[in-house]
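Submitted below is the structure of interest, expressed as structure tokens.
Letters A, B, C and D mark the chains as written, and numbering starts fresh at 1 in each.
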Amino acid sequence: MQLTFLILIVLFCAAISFYRLLSGPHVLDRIAAINAIGIMLLTVLVILGSFYERALFIDVALVYGVLLFVDVLVMAKYFGSPDKTEEENQ
Amino acid sequence: MIIQDILAGFLMISGVIFFLTTAIALLRFPDFFSRMHAASKCLVGGGISIIFGLIIQEGISPLSLRLLLLIIFLLITTPVVGHALTRSAYQYGYLSEMVQDDMKDLKAGNDSND
Amino acid sequence: MKKINFDKVFSFILVSLLGLFILRVLYSVAGEEAARFTADHYINFGVEETSAINIVTAILFDYRAFDTLGEATVIFTAASVVALLLPRHEASMLKTEFTPVVQQSIAFVLPFLWIISIFLIAYGHLSPGGGFSGGVIISAISILIIFTYGYRYMTRRFNVKKLSLIEDIGALAFLTIGLAGIIAGGTFLANSQVGIYPGTPGELLSGGLMPLSNFAVAAKVGTGLSVIFLSLARED
Amino acid sequence: MVLVFPAIAVLISMGIYAVLTQKNMIRIIIGISIVESAIILLLGAIAYIPEGVAPILDQPYDTVVDPLPQALGLTAVVINASTTAIMLALVIKLYNRYQTLDIHEIRKLRG
């Protein structure tokens, strides 16, 4: 019961952060929102794994964390310098 | 048993408060650097608090060992991501009004080296 | 007054109709109770027949191992095509460098990622994971090395030729594992039908040839995705 | 269970809308990736049975979800990655030849 409540609150936080993903004035704002939402959903996976008493969800959460880390780091590197064509298309 | 429950509940509630702080900071703060200032700290705090609460509730088991591994991983990677994002925002020139810019000389030195 | 773009309006109407049609089809599919003969067989007798706990891995590497061979060939073909299409020094990455903070932290993280990938591969028949997930983590390691320490550092240690050699070794190992089924008296890639060391379900060494083929597929997938990324992100 | 299907329909429609209206080739590839992700989600939704557990049978369970579409989903992920890589390589070739990412410009230069 209390774990269900916990999951609902964390999902509510992710929904608030989703606003920044939709209306970020810049790409980097959206990347920061993606990082926040990713870690919140990872926590939801961990809570579910503890709720069902199955250790295999934690493996999925580990792999998800690794891929989130690589994704955000690559995007931070790629958007790190201003690109002319990117602004012309917008 | 009661102490265990109280400790786990306290840690989980504090983690939820950290997450709420992250969400409100992302929603309300005016510019990118202040958003990252709040978000990068509170994400580490929230995730680690909730997972640590789950460990205390669980006791010693294979599941809690993996959760400990996850805590170490989050503790290493999340500050790195925040640092890299903020750094790339500075290099992009996505800046707000600053009172003082300490990294201006550093950036000029980097450019002359290239 | 903005001019209305008739192309966009027309495609929006078309796409909405398509979405409604897809929704209708999906609900009609969900309504009927289909008999699941193959799934029931896999769920009821899978552990007993293949002695692997993870049924998805049992399907991938035992019941339908021949499909997995084709699936691994797709990655091989994609890596070859990408390496063939892009000659040397064509594309360029944007030149922003990470600070020493990020480089040191990633040097700290990399052994952790190796341990995760080897754990996923070796326990592929006992937990979620297997050759494909472990291979993806291995390719993530090479992506991190390229992005933080630069393209030159990566090619000094592993160039495309070496990675392709490892990929070929993985493919050959998978084919050799398939030949073991013929030697034992079954068909190509037969595993549990001919009873090759079933072991007890739940132990690390069980499931016959399944751990070996996991390692072969992981070598293939990891190096294949690394070759694809190395060809796409040439820095000069 | 019922709520997943509108999400799948919306995702497929969004991807095809992006393919139809966008001019930048990278955005068209992103649209195709969205369609492929929606199809993987569809495979996961079809496999689901109410109150079923994940098909990893470390102890006997009553109801287990269908493992066959999940194995098919793994195949779909692999093919998704391969096709995306080949499309990106072709875009790099086209950019080197025409110095633009706009798909209408490339069509004009053909004649």
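A few points about this structure:
Criterion: a residue touches a chain if its C-beta (ideal position, glycine included) is under 8 Å from a C-beta of that chain, and two chains touch if they have at least 3 such contacts.
Here the structure is a predicted model, which means the values were calculated and not measured.
When the C-beta contacts at C-D and at B-C are tallied, the pair with the greater total is C-D. Taking each chain's centre as the average of its CA atoms, subunit C and subunit D sit 16 Å apart. One simple way to say how far apart two chains are is to compare their mean CA positions; for subunit B and subunit D this gives 31 Å.
Rounded to a whole number, the gap between the C-alpha centres of subunit A and subunit B is 12 angstrom. Multi-chain contact residues of subunit D, defined as those touching 2 or more other chains: 54, 56. Shown for subunit B are the residues in touch with two or more other chains, namely 73, 77, 80, 84, 87-88, 91. Within subunit A, residues 55-56, 59, 62, 66, 69, 73, 77, 80-81 each touch two or more of the remaining chains. With chains as nodes and touching pairs as edges, the resulting graph is of another kind, matching none of line, ring, star or complete.
Chains touching one another, given as pairs, are A-B, A-C, A-D, B-C, C-D. Looking at the complex, you find that subunit C touches subunit D at residues 7-8, 11-12, 14-16, 18-20, 22-23, 26-27, 29-30, 36, 38-39, 42-43, 46-47, 53-56, 59-60, 64, 67, 71, 74-75, 77-79, 81-82, 85-86, 90-91, 126-128, 132, 202, 221, 225, 228, 231-232. Partner subunit B is touched in their complex by these residues of subunit C: 95-96, 98-99, 101-102, 105-106, 108-109, 112. Those residues of subunit D that touch subunit A in the complex are listed here as 24, 53-54, 56, 101.
Of all residues in subunit D, those touching subunit C in their complex are 1-2, 5-6, 8-10, 12-14, 16-17, 20-21, 42, 46, 54-58, 64, 66-68, 70-71, 74-75, 77-79, 81-83, 85-86, 88-90, 92-93, 96. On subunit B, the positions that touch subunit C within their shared complex are 72-73, 76-77, 79-80, 83-84, 87-88, 91, 114.
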